[in-house]
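Lettered A, B, C, D, E, F, G, H, I, J, K and L in written order, each chain numbered from 1.
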Amino acid sequence: MSVYKKVEIVGTSKESFAGAVKAAVAEASKSLRHMSWFEVVEQRGSIQDGKVNEFQVTVRIGFKVE
Amino acid sequence: MSVYKKVEIVGTSKESFAGAVKAAVAEASKSLRHMSWFEVVEQRGSIQDGKVNEFQVTVRIGFKVE
Amino acid sequence: MSVYKKVEIVGTSKESFAGAVKAAVAEASKSLRHMSWFEVVEQRGSIQDGKVNEFQVTVRIGFKVE
Amino acid sequence: MSVYKKVEIVGTSKESFAGAVKAAVAEASKSLRHMSWFEVVEQRGSIQDGKVNEFQVTVRIGFKVE
Amino acid sequence: MSVYKKVEIVGTSKESFAGAVKAAVAEASKSLRHMSWFEVVEQRGSIQDGKVNEFQVTVRIGFKVE
Amino acid sequence: MSVYKKVEIVGTSKESFAGAVKAAVAEASKSLRHMSWFEVVEQRGSIQDGKVNEFQVTVRIGFKVE
Amino acid sequence: MSVYKKVEIVGTSKESFAGAVKAAVAEASKSLRHMSWFEVVEQRGSIQDGKVNEFQVTVRIGFKVE
Amino acid sequence: MSVYKKVEIVGTSKESFAGAVKAAVAEASKSLRHMSWFEVVEQRGSIQDGKVNEFQVTVRIGFKVE
Amino acid sequence: MSVYKKVEIVGTSKESFAGAVKAAVAEASKSLRHMSWFEVVEQRGSIQDGKVNEFQVTVRIGFKVE
Amino acid sequence: MSVYKKVEIVGTSKESFAGAVKAAVAEASKSLRHMSWFEVVEQRGSIQDGKVNEFQVTVRIGFKVE
Amino acid sequence: MSVYKKVEIVGTSKESFAGAVKAAVAEASKSLRHMSWFEVVEQRGSIQDGKVNEFQVTVRIGFKVE
Amino acid sequence: MSVYKKVEIVGTSKESFAGAVKAAVAEASKSLRHMSWFEVVEQRGSIQDGKVNEFQVTVRIGFKVE
C-alpha cells in the first residue's frame, strides 16, 4: 500500500498562473523527491501602479513517501 | 422557455490552464451542439521528474437542449 | 491603522485567464487608486461555434482607503 | 441494491425559482424515466432593461438506473 | 446580553420554496416561542411521474432564549 | 474586451424569494445602468409572531462597465 | 404537508466509519421516533500510541414531526 | 462507545468574539451537562450609529450523551 | 492530449460506505469503459425502524474519452 | 419594502480581531449612513520578526438604501 | 499553553476508507510522535478493469509540539 | 521570483482567539524564519465544568523559502 504526503507551496510569476505553478514545483523539487501531482488551492496576486505585478498560486503538492 | 444541460469534462494541456480548457471544449464539440458556456470546477496537474507534466482542468460545459 | 476596501470585477480575454485578470485590473485602474492585490473568485467563459470564445475571471480587488 | 444517476439541468422561468425547477424537470422527463428527486445547485438570472428577465435554476436530478 | 438558539427544520410544499419555508415556520411555532429569523440551508424536492411532487427546504430557525 | 462589475444587494419581499430578487434589481436600477445578470448568494428572512414576516435575498448583480 | 426536524449527533466506533454512524443512530433511537435519513457532515477520529483509536462521524439525522 | 450531540447557539457580547462565545456557553450550561467542545460557525454583529453595537458568534456545542 | 469525462452515480449498500462505492462502480461498468478514478461527493443513508437501512454514496466517476 | 446594500471592507488592528472589525466599521462610517450589520468573511494577519504584527479582518457591511 | 501542528497524508487501502486512514496514520507514526487526532479531508480512489482498485483518503493529522 | 511555503499550526489560549494566534506564531518562530502572514482556518475550543476552558485557532502560516 502506498502512502503520499501533501505540502502547500505558493509560487509566483510575472506572466501567468501556469508560470506560478511551475515556480512552486521547481522550488519544491529542490527538497522533495517522487512528486506526483498538484492541486490548485488559491489564486491571488499583487498590483502595483495600477497593473498586475505578480500572479500568486497556492498549490498542494502530493509526493510518495518511501 | 429554454433549458440547458451541463456535463463535466477534464481537459489536459502541456502548456497552460487555458489550453486545458480549450482541449475539453474541443473534445466536447465532437458530440455536443449548442455549447454556450463553461465553468472551471477544479485545477490540478501531474508532476514528472520534478516538473509539471500536464495541467488538468475540470470544466462544467452548459449547452442548450433543443 | 490602515483600512482597505474590496470591489468585485469581471475581466475578459480572448487568450487566457491571466489576460482576463489584467483586463479587470486595467479597467479598475481608471477609477481606483492605491490598488494593492486581487483574489480570483470565479473562472468561467463563453463558447461559440464549438470553441472557447472568451475567458471570464471574477476578481476581488483590494485597495487602500485614504 | 439500487443505483441512481444524477444529471445537471438548468431550467428557466419568467415567474419564479419554482417555475424554473419545473421547467428543468419537464425537459428531463422527455428522455429520463424513474426520476426520483432534485437538488438545487445554483440560482441565477438575467436582467433586461433594469428588470429581472428570467430566473435560472441549476438542479441535479437523480433517477434510478434499471 | 441576549442569547439565541438555532434548530434545523425541513418544510415541504406542493407549490413553491417560499411555501415550504412557511410550513417549516408554522410547524416550529407549535413548540418554540420568540422565533426571530430563518436561514435557508438546502433546497431539494421529490419527483413523481416526471413532475415535481414536492419542494423541500431546510431552514435554520433562530429564536431567543429567555 | 468588455469588463463587468458586481455589487451585492439585499432585496426583501412579503411574498416570495423571487419577489425579493425583483425588489433588489428594481432598487439597483435607480443608480446602475447596463445590468446584465444576478446570482443568488444567500436566502434568509425574519419571523414575527410565529410567521414569516419577510423574505430576504442577497444577490450579486453584474453590470457592464462602459 | 409533512415537516421534518434534523439533529446533529456524533457517533464513535473502534472499527469503521459505518460503525460510527450506526452508533449515532442507535443512540438517537432511544429518544427519537420516525427517523428517516442521515447525512454525513464530518469524519474525524482520535489517535493513541500511533494508532487510530476511534472513528468519529458527525451525522445530521432527519425525523418526521408528528 | 461514547456518543455526542451538538446544538447551535448564538452568543452576543459588547466587547469581543471571545466574549460572545463565553455568553453562548454560559447560557447553554443552564440546560446542558457534560459539554465538551465548541466550534465557531459564523461571526456577525450589529452596527448602531456608525459603531459596532454587538458581536454575535454562532457556535456548535458538543456534549456527551449519557 | 487526453480528455476525461465525469458522471455522477449514487451507489447503495447495506454494509458500508466502501460497499456503496463498489456498487456505483459496478453499475457504471455496464455502460462505461476506461473508468479511471472516483471522487466521493456526498455520504447519506436511510433509516428504518431506528436502524441504518442503507448507506448511500454519491461518487463522481472519471473515465477516458477515446 | 426595504433594500440593503453590502460593501466589503478590510480593517486592521494591532490588538485583536474585534479591534480590526471596529476599525473597518469606523472607516466605513465616514462615507456610509444607516449601517445595520456586519458579517466576518475572512481573518488573516501579517507577521514581522516572528511576531503577529497586525490582525486583518474582511467584513461585509450591510446598510439600508434610502 | 499547548501548540499542535497538522500534516496532510494520503493513505490507501484495497478494502475500505477506514483501512486507508489506518495506513496513513501508520506511515505518519514512523516520523511523528504525540499524534492526537485526524480529520478526513478528501475521499477518492482508483478504478481498474471496471472495479475499485484502491480507496484513497486524505487526512490531516494533528500532533502536539513539544 | 519568490516562493512561499505554508504550514498549519493550532495555537491555544485561555483568553481569546487573538491570543491563540499569537501562541501559534510564537511556537512556529522557534523553527521557521521569514514568516510573512497567517490565515485563520478554524476556530474551536474546549469546555470544562460548563465554561470555556481554551480557545483553539488553526492558522496557516506562510513563510518565504530562501
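Of note:
The working rule: a residue touches a chain if its C-beta (ideal position, glycine included) is under 8 Å from a C-beta of that chain, and two chains touch if they have at least 3 such contacts.
Note that the coordinates shown come from a computational prediction; the quantities given were computed from them, not determined experimentally.
Between E-F and A-K, more C-beta contact pairs are found at E-F.
Chain C and chain J have Cα centroids lying 22 Å from one another.
Per-chain CA centroids place chain C at a distance of 30 Å from chain D.
For this pair, chain A with chain D, the centres built from the Cα atoms lie 38 Å apart. Taken residue by residue, chain D touches two or more other chains at 7-8, 16-17, whereas all remaining positions touch fewer. Pairs of chains meeting the touch criterion: A-B, A-C, A-K, A-L, B-C, B-D, B-I, C-F, C-J, D-E, D-F, D-I, E-F, E-G, E-H, F-J, G-H, G-I, G-K, H-J, H-L, I-K, J-L, K-L. The residues of chain I lying in touch with chain D in their complex are 7-14, 23-24, 27, 58.
By the touch criterion given at the top, residues 15-17, 42-47, 50-52, 55 of chain G touch chain K in their complex. If you check the complex, the residues on chain B that touch chain C are 16-18, 21-22, 25-26, 29, 33, 35-40, 61.
Contacts from chain I toward chain B in the complex involve residues 1-8, 60, 62, 65.
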